[in-house]
Structures are given as structure tokens and as C-alpha cells.
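Listed below are the structures to be examined.
Shared between the two complexes below is chain A, which has chain B as its partner in the first and chain C in the second.
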Partner chain A sequence: MATFIFLVAAAFCIAGAVGIVLFRDAIRSVLSLVAVMLALSSLYLMLSAQFIFAVQVIVYSGAVMVLFLFVIALMGPVREQPSTRLRFQGLLAVIVAGSFAGLVVAMLGGVRYHAPDKGAVLSTFGSVESIAYGLFTTYLYPFELTSLLLLVAAVGAIYMSRRERP
Partner chain B sequence: MTNLYNDPFWHWIVVLAAMLALLFSLVTATAYVVFLERVVIGHIQRRPGPNRVGPRGFLQMAVDGIKLVTKESFIPRNVDLFTYIAAPSIAVLAALLTWSVVPFAIWFGGVSYWIANVNIGILVIFAISAMNVYAIMLGGYSSNSKYSLLGGLRSAAQLISYEMSLGLSLVPIFIITGSLRLQTIEGWHGGLPLILVAPLSFVIYLISAVAETNRAPFDLPEAESELVGGYHTEYSGFKFAMFYLAEYMNITAVSAIATVVFLGGGSGPVLNWVLWLAIAVAVFLLLLWSRFVPPFGALVVAAIVFAFAGLDTPLFWFLIKVLAILFVYIWLRSTLPRLRYDMLMQLGWKVLLPLSIVNVIVTALVFVALT
Partner chain C sequence: MSDITIGNEHLDASWFLILAALLFIIGAIGILVRRNPLVILVCIELMLNAVNLTLVTFSRQLQNSEGQLFALMSITVAAAEAVVGLGILVDIFKDREVEDVDELSELRG
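Here is the complex of A and B:
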């Protein structure tokens, strides 16, 4: 059962990823990206990371992708035209993608997977409680600094967008 | 009676049966929520409401449903066909999925059965309701119509804005109960309604929930006077019916969650049969007086109420509370004028969001001080 779910989710992931690149219609690409996000969230769930699953769906599928859709809907249904300027782009893409795939294979080939520790309780591993405990004890400073960074980014974005006006 | 839920084979049988029963009763109930709304709004506006089809108009919704299904499904030219068809499907899917985690327990042989008992119940509900935005956005985008597009865009902005205060309004509940599991929240201190402890949360939740389900006075995405029908202007026949069904299923789901989280869910006094009989008679007389159902229907409803005494008291109290919140929804729709768009955004960002943040901080401080 678990293998079957994994295979379905992985297939959706790969199909979506291919779709993002291949669709000429921007809205189809965004929808493919949504499919990838949802498939990823189910993979998280299978790794017993329940909280990450929910946050993945709420934040990425729910908020970020909707903003993407928002922008595309405002632009209107503009189809991306096949580019004529970069003639060697196709060849270049094959070379870059090929070397990147080689890099990934080389990197993953050296990874040694090991079973979870004997004492680890998987059911509490990714629960809200354990993540909250980690965030507010061991990783408190990184957590707070990250939120400060996000705040600075948000304030900066608002300042930049309003600068022209009196 | 052993707990069938723990047996791997019977588990799936029970869950499948519960899902089918829920699907059937949900679709039927949704139709009658629409009927209730039309009758109540009729009363409030001092007109009869639907009263032609069947006794006291009671078959109106069945006729409407048949009409919508058999109508020609008109698809305008130049629509983006895939997304045009996907949008109403996503709407119904999201509306139905929400119900999978609502602790709508059915008692059988002293054990309560529900479809899913997950320890991140509320987060799952938020995740599913986030999918709702896609239905409206894609419906508005794919229709190739300016009214649909504007309705869809407005709705996306509105849903994202109010989602935050909706989420934050429930954070005090997590602080108080220490759980995200809906079953635990419902049974907090033996079903003590959390509205007594966190009344501000309830108010914020209710307002945000009205905005999240695009209901009046926040029904900007389909403001008739400005946008014709909003995101579903170009939909007809069964696809329109799906949007319509999804809207009312969402309202019922939001009311059910409010019931579980704030009103103690299925908790209520366990009465003896004499009191149940009295309640059934009272319901019968009330229904006769209100003329909401024909006399025979009132008798049937009273009999069902009395049957609950022996079968499933928690379900009875649960339904009563859901019905009460639904009534508030309808009441709001029929008495409040629609907000202007900038007022809607100001209410969301400048009133509800700061208020819910203050609510979280104060609750946390009080909780730390008390424990």
C-alpha cells in the first residue's frame, strides 16, 4: 500500500515537473507546479512529517501558488511564443540538463541510507509537538533570526513599492 | 461488541460505509439548507418564499436539482476548456474533503465511529479550504469574461486576507486545549463549550468564516449589481449546480467546525425518554406554527427527534448546534447590506487581523499566568 502511494505521488511529481517546462500556456505551468506541490506534500506525509505536510499545502499550494495565478490572471491569457533569438538554446539546454543530471547521479550514488535508530518513535517524529519543541528550544535563535529577516524583506518590499509617491 | 474500528478489514468497510452515508446525507441536507434559507429569507422579507411545488414547497429543491441537471450545459466560445471543467470539480472536491475530518461520530454498539481521526485535524481543514481558492480563481480565469475574471480576482484577494484571521482565531483554542485533534478539542473538559473561555475567538472565527465562504455581507466575488454572477457568470446547468452545491456544503462545514471547536460539538444533556417526548412534541408544535414543513413532515421530524433519544444523543445535539449557526448565516445574509470592496479589505487587515493577534497574545499570557 505504502509503495503504491509512493509510486503514484512520485509519478505525479515527475509528470508535473515535466509539465511546468513543456507547457507553453503559463496557467498550465502554474497548475503543474501545484500538482508537484500537492504530490510533494503527500510524500512528506508518508515520511510521517504531518506538520510539514499541512504547511506545505497551506503555504505553498494555498498562498504562494495563488499569487502566481493572480499575476497570470491579471496579465491575461498570453501564450509564450517560441523564441527565435537564441537558436542554439535547445542544444545548450540538453548539455546543461545532462550535466546536471550527471551531477545529481554522482552525488546520490555516494549517499548511504541507514534505517532509523532503534529507539526512535516514528509516530511522534514529525508531529506538531516535536517540531514546536525543537523550534522553541534548540533552534530558537535561528528561528527568530529567520523571522526577523522575513520581516525586513516585507518592510523593504513595501518601502520600494511606495517610494515614488509623496 | 468489539471495536470494529481496530480490525484492519472491518475498518475499511466501516469507513467506506460512513463515507457513502455522509455523501448521501450531505447532498440531501445541502439541498434543504438552501430550502431553509429561501424560507427564512422569505419570512424576514415578509413574503411567502417557495410554496408551490409539493406541500408547502417542500419538493422545490428536488425540482430545482432536476432542472439544473437536465438543462443544456452551455459552454461559451474561447473558454480554456480544461480549467473551465476542472474549476467546479475542485469546488465540490474541496467541500466534500473538509467533511472527512469533521468528528461527525455515529454511535453504534457503544462505540463511536468517524471517518478519520487525525491529530492535525484543524490543519487539514485549513489545507483543504486553501484549495477552494483554485476553484474560484480558475473558474473566473477560464471563462473568458471580464465579470468572471474580476470576480475571481476579488475572491482570491479576499480569501487570502481572511484566511489569516481565520487561522489566528483558532490559535487560542490550541493554547487552551493543547491539541490540534478535533476530537480532543470537542471533548475538552467533558464537552465544555470553548466559547465561554474564548468568546473573542468565536466572533473573529464567525466573521472570517462568512468571508471565507463568500457569503453576504462579504459576497463581493458575485456582487450581482457590479459583476453579474461573478466567477460563475459563464457557468450553466450541472457545472453551475456544482458551484452552488459546494457553496452550501462549505457553509455547513464551517458551521460544523464552529460547533465542534466552540460549542462543545455533540455534548449536551443526556435526558430520559419523558423529556425527549416533550422535546419531540415541542418540535412538532414549533414546526406546525412556523409552517416550514407540512403537518405530516412535522410529525416525521418529531418522530426522528424522539428516535435520537435511544440512538445517538451526541449527533442530535451536534445537528441542533449546526442548525443554529446556519440560521445566523441566513439571518446575516437577509439583514446586512453588502460591504464595499475597500471596506472589506480594511475590515480584514486593519481590524480583524490585529484583533486576532492581540487575542492570541492575551490568551497566551493568561494561560501562562494560570498554569
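Here is the complex of A and C:
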């Protein structure tokens, strides 16, 4: 059953990702990304990351995607035309992506797995408690910096979307 | 050692890693090929998601929840990046229609 779920979710991921690249309409690309994110969230659930699953669904496929759709609604439909500027862009993209894929495959071949940590309790693994314990003890400082980052991003977005600037 | 037990089945961690690598490469191809700035942002989000899958996979394989914390941080940064990127895009679109990122070359030195 787990293998079956993995294969279905992986097929959705790949199909959505290919859709993002191939669809000419921006709105179809964004909706394909929603499909990828929902499939990925089911994979997170399989990997016993319940909290990440909830965050993925709420923050990514909820908030961020609504933001993208709002921007498309503001812009109006834009269809991408075939390129006129860089004539060799397709060829260059194939070369760069091919060499990059080779790099990633070589890296995957060299992955060495370590034995799992002893003493981890799998029944509470990935729960809100275990995440919060790490977040508020060892990683408290990065966590506070994250809130600062969000504040800066919010202020920056408000500044940029103002009609007239001082 | 790279087995991940889910229910009573064993999945190999490398499956998840291969899937993440595929998603990352497709995202990279999208950034190289597409010219709509909004779709390029979408492809960046796809690549960030692929990295998150790698983090969560290793977190599960090592049974160490720090990978999930890293994934959480990366989701936050990705959300902030989307907000700022889309803010810049909306600001540009107020002035003119942009169909090609190559048109945005005022800052070229």
C-alpha cells in the first residue's frame, strides 16, 4: 500500500512539474504547482512529518498559491510567445540542464546513509511537540530571526505596493 | 540501512531522493526555458519544494527531527521570497506589460 501511494504521489508530482514548464498560460502553471504541492504533502505524511504536512497545505498550497493567483488576476491573462531574442536559448537550456542533471545523478550515486539515531521515538516523531521542542530550545535564535524576516518581507511588500512614494 | 519502514512495508530512501532530484531538475529547466517572470517564480518555488522533500526524507531516515525544522525554516523563507518577488512584479506591471524577463534590462551595467 505504501509503495502504491508513493508511486501515485510521485506520478502526480512529476506530471505537475512537467505541466508547470509546458503550459503556456501562467494560470495553468500555477495550478499545476498546487497539484505538485498537494502530492508532496501526502509524501510528507508518509515520512511521518505531520506538522510539515499541515504547514505545506496551509502555507504553500493555501496562502502562497492564493498570492500567485491574485497577481495573475491583477495582470490579466498573458500568453507566452515563442522567443524572439535569444535564438539559441532552447539549445543552451538543454545543455545546461543536461550537465546539471549529470551532476545531480553523480551526487545521488555518492549518497552514504548513516544508521538512524538511537533513542528516537517514532510514535511522536514529527509531531507538533517534537518540532516545537527543537524550535524553542536549540534553534530558538534562528526561529526569532525568521519572525524578523517575515516582518521585513511584509513591510517591504506594503512599501512596494503603495501608489505614490515619498 | 536506507530503508524507511512505513506501516509494514519498506521503502528505500533513495526513491524519495530521486523524486526530489527530478523535481529540482525540472524546476531548473523551467527557469531556463520560460520567460514569463511569474512562471519563473513558480519554478523557483518548485525547486524549493524539492529541497524540502530531501530534508524531510533524511530527517525520517536518520530519525532526527532537525531536518524537519530546516524544512520549516525553508518554507518560511520561500513564503517571504514569494511575497517580495510578487510585490516587485506587481510594481513593474503597474507601469507596463511584461511578457519577457529579457525586457527588464534597465539595471544592466
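Definition applied: the second predicted complex is superposed on the first by the 150 of 166 C-alpha atoms of A that agree within 3 Å, B and C clash if a C-alpha of one lies under 4 Å from a C-alpha of the other, contacts with A are read in each partner's own complex, and residues count from 1 in each chain.
Operating definition for what follows: contacts are C-beta pairs under 8 Å (C-beta built on N, C-alpha and C of every residue); 3 or more make two chains touch, one makes a residue touch a chain.
Please read these numbers as outputs of a predicted model, since none were measured by experiment.
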{"item": "Chain B versus chain C as contact partner of A:Val34, first or second or both or neither", "value": "first"}
{"item": "Contacts of A:Leu69 with chain B and chain C, given as first, second, both or neither", "value": "first"}
{"item": "Partner chain in contact with A:Val104 - chain B first, chain C second, else both or neither", "value": "second"}
{"item": "Which superposed partner A:Ile58 touches (first chain B, second chain C, both, neither)", "value": "first"}
{"item": "Greater residue coverage of chain A in the superposed arrangement, chain B or chain C", "value": "C"}
{"item": "Chain A residues contacted in one complex by chain B, in the other by chain C", "value": "51, 55, 63, 67, 72, 74"}
{"item": "Residue ranges of chain C touching chain A (in the complex, touch as defined)", "value": "1-2, 4, 6-7, 9, 11, 13-19, 21-30, 32-36, 38-39, 41-43, 45-46, 49, 52-53, 56-57, 59-66, 68-69, 71-73, 75-84, 86-91, 93, 97, 99-100, 102"}
{"item": "Of all residues in chain A, those that touch chain B in their complex", "value": "27-28, 31, 34, 41, 50-51, 53-55, 57-58, 61-63, 66-67, 69-70, 72-74, 77, 127-128"}
{"item": "Residue ranges of chain A in contact with chain C within the complex", "value": "1-3, 6, 10, 13-14, 17-18, 20-21, 26, 29-30, 33, 36-37, 40, 43-44, 46-49, 51-52, 55-56, 59-60, 63-64, 67-68, 71-72, 74-75, 78, 80-81, 83, 85-86, 89-90, 92-93, 96-97, 100-101, 104-105, 108, 111, 113-117, 120, 122, 125-126, 130-131, 134-135, 138-139, 142, 146, 149-150, 152-154, 156-157, 160-161"}
{"item": "Touch list for chain B against partner chain A, complex", "value": "80, 82-83, 118-120, 123-124, 126-127, 130-131, 133-134, 137-138, 140-141, 144, 149, 152-153, 156-157, 159-160, 163, 180"}
